[in-house]
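Each structure below is given as structure tokens.
Shared between the two complexes below is subunit A, which pairs with subunit B and subunit C, respectively.
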Partner chain A sequence: MSTLDDAAIRARLTDIFRDTFDDDSIEIHEAMTAADVDEWDSLNHINLILAVERGFGVRFKTSEIGNLANVGEFLALLKGKLAAAG
Partner chain B sequence: MREGLEASRTYTISPEVYEAFLVASGDVNPLHVDDEHARRLGFPEKVMHGAILGCFISHFVGMHFPAGAVVLQSLDTQLKSPCHLHDQVRIDARVTQVAEAVGAVVMSLVLTNETRGRVAAKARVQVGLR
Partner chain C sequence: MSPTDPSHLDYRALLRASKQLDVSTCTTERRIAILSDAAVPQLVPLLRTLFAARGVRAEIHLAEYDTLELEVFDAASALYAFAPDAVVLLHAPQALRLRYWREAADREHFAERTVDGLVALWDTLRARTPALILQSNFPPPYERQFGNFDHLLPHTLLAQSLRLNVLLADAARERSGVLIDDVCGLATRIGLQRWFDERLWTLAKSFCALEHLPLVARNVVDLVQAAQGAIVKCVVTDLDGTLWSGVVGDDGVAGLEMDAFGHAEPHHRLQHYLRELRRRGIVLAVCSKNDHATALDAFRSHPDMVLAEADVAVFVANWGPKPDNLRHIRDTLNIGFDSIVFLDDNAFERALVRDTLPGVIVPELPEDPAEWVRFLSELNLFEATSFSEEDRRRADAYRANAQREEARTSFSDITEYLRSLDMRITMHRFDALSLPRAAQLIQRTNQFSLTARRPSLAECEAMARPGSGFVTFAISLVDRFGDNGLVSIIILRDTGDALDVVNWRMSCRVLARGVEAFAMNRVVETARALGRESITGTFEPTAKNALVRDFFAGFGFEQTGTTADGGTTWRLRVASYEPRTTCIADADPTTTST
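The block that comes next holds the complex of A and B.
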């Protein structure tokens, strides 16, 4: 997983968003929030986190995702975990 | 709760279970209630509703699996072979993912028909921990 470059991470995360929210038109961007995605409710939020964990082989803690402001911060968290995994 | 945790339980498709499901579902398709009809279709006797296995899964997750209070969030079931009245079905479950961040657990289930010696269904269950 650690060999993924930024573009590959973004592409894989986009696929996960599209699958989770059943919307092939989704293009993720740094400022995106749940308010920008119709199907982003509490249950799909759980589904999203589970899918990202599976898709990238990482695990998140409540304290890590509890205060994320947008997709950009989520991406930064994800990239940090992938880098730490070496 | 941890990844790799396993648990099992065996259920029987008893007449009581079958009849209760008939009432609950209202599904009286001849395949499920008429032995002669089922035999004409190549089955040895009437075929139990596949969703009865879903009822067993519901009990297993909600009442048996050592996860405490849970809320079923998704259930993806693949039926593999028919079950018949009085068949015993064993559920073998394994925790495949624990998402601490969102309080959710994913389990992989194999439902083995012990009476027929074959897999009856496989399922993936996602539950929220409360």
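The block that comes next holds the complex of A and C.
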């Protein structure tokens, strides 16, 4: 996973968002929150986390998942994991 | 592959399928209420999708997280307003664990206290709704206080959890309409390490790892459907490569392998698995591409065969297409395609049957026979919600009927067929043993009945007494396929110079076998022994007895008149009667004719 650059990470994350929320028009951005996506409820939040873990081969700690404020923080967390893994 | 294929349930695929669910073809609706001390919102789409795959539109009421007691004990709750067909009580082991930790006193009775609490829920539910109650049991904890020694200390969470499942089953057994939803079985099959997702419990109070939640949903569907009578009745199995290793036509009987210790052990195991199913009432049938005699020879003479010829209700071995043979088996047993499971190691045959007969359940057996029994068990095809002595005997009854049916078609000459049945009749006066069954037969028979009146048990008792002025006969039939039980009754009134037929009834199960001819011979003999000149009788037409309109004429009776309600009266001179030839023997040659 270490070879993924920012754009590739963002593209793959976008695919996962679209698949999880069943909406091909979703464009992710740093300030995006659950309030911006119709289907982003607590149930789909868990589905999203699990899909991201599977898609990138990473694993988040419980505390990390609970404290995400927006997609920007999620991306930062994900990049940190990938860098540590690489 | 369909996401609802029970052998490949995929959480994400099922969720996707739930978004485009088409329930327009579903003919039935079931209302399912889910109550849990875990959060299980994901169960709703999973249940809808899996029910739809079984042709059922599911309406789901999901109670708010951990409102289980509230919903049950409040008579005005949304649960009762929902009017469920089934109430699913899902209790999470993590919630149980927390309660255990908090209750430091009297831990030896923690399981009892827990069961008391659950039983209170069931009994309250039962008092307020006729719904089926599904109670989950508990996977054992992986935590240990003393290590292995936990098992020997009654107060540990491990010991109490194990005990809890036993007590739950005991309590459910004593109640009607309460079934155990074996979540423990699911969790231990998957493995506790993979079943539990402690991170998801922390974050979302998830019942288990989400990828295994489809199993929880499928268990509910299986139980609800079985309770509604959607059950498998028959397993049709191939022979070569399935029941044994080898091809009997090529290798000969001696070349077949199916012993318990060699590499063919999986086939041996499959035979045991099928025989156990047969013992609990699942009918077995064989459908094989073989010469009939060759295939049967393997059953009869191979020393390692577990299944016997007598375990198989319908034995079809020929070179015709398997879908045709399955149709024949279905017709012979008179069951639906959707209650048949078809086992075949050959992927071509499986695909052919699946495509031709969509109702038939065709498990996609793994390549390696060693995996078959495990694979079949995990499909949970044979769910039942009750078990009786009758179920135990059902496979025998189906087999006997199928054999008679087959024997009939294999004989071109009916007499030859009847002779092959080896029928024996017992025919004597009503006695204490036969009276209740005679009265029952009188109530049940409609078609083969000469008169309309149905005498009661008390009347039958009175007529059976010596000196009553009546002659009674209870007729039982045994053949080489089994005991048919009481099949006919005759009541004759002795007028002094004639025996008058006041009641003659026969079960239609034994139509066209010569039972009535055997009986008429005996009736005439009896009249002769009593010194009566004739037999008289009346045919009273009813809505259903056209079958016997010509009964008297058939035995050479002469019509003597008609009755006001369209009936006919008949008379036979004893002296002119020619005894009829039958293929039935007297099982009790010592019987006197009176």
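Just so it is clear, the second predicted complex is superposed on the first by the 86 of 86 C-alpha atoms of A that agree within 3 Å, B and C clash if a C-alpha of one lies under 4 Å from a C-alpha of the other, contacts with A are read in each partner's own complex, and residues count from 1 in each chain.
By our rule, contacts are C-beta pairs under 8 Å (C-beta built on N, C-alpha and C of every residue); 3 or more make two chains touch, one makes a residue touch a chain.
These figures come from a predicted structure and were not determined experimentally.
Trainee: After superposition on the shared chain, which partner residues are touched by A:64: those of subunit B (first), subunit C (second), both, or neither?
Mentor: A:64 sits against subunit B, while subunit C stays out of touch.
Trainee: In the superposed arrangement, which partner chain does A:43 touch: subunit B (first), subunit C (second), both, or neither?
Mentor: In the superposition, A:43 contacts both subunit B and subunit C.
Trainee: Look at A:22 in the shared chain and tell me whether it touches subunit B only, subunit C only, both, or neither; answer first, second, both or neither.
Mentor: In the superposition, A:22 touches subunit C alone.
Trainee: Once the shared chain is lined up, is A:53 touching subunit B (first), subunit C (second), both, or neither of them?
Mentor: First partner only, subunit B.
Trainee: For subunit A, which residues belong to both interfaces, subunit B and subunit C?
Mentor: Touching subunit B and subunit C on subunit A: residues 43, 46-47, 50, 61-62, 65.
Trainee: Show which residues of subunit A lie in contact with subunit C when the two form their complex.
Mentor: Counting only subunit A, the residues touching subunit C are 22, 42-43, 46-47, 50-51, 61-62, 65-66.
Trainee: Tell me, which parts of subunit A touch subunit B in their complex?
Mentor: Residues of subunit A touching subunit B: 43, 45-47, 49-50, 53-54, 59-62, 64-65.
Trainee: Give every residue of subunit C touching subunit A within the complex, in rising order.
Mentor: 12, 15-16, 19, 41-42, 199-200, 202-204, 206, 210
Trainee: Using the touch definition up top, name the residues of subunit B that touch subunit A in the complex.
Mentor: Interface residues on subunit B, with respect to subunit A: 73-74, 97, 99-104, 106, 126, 128.
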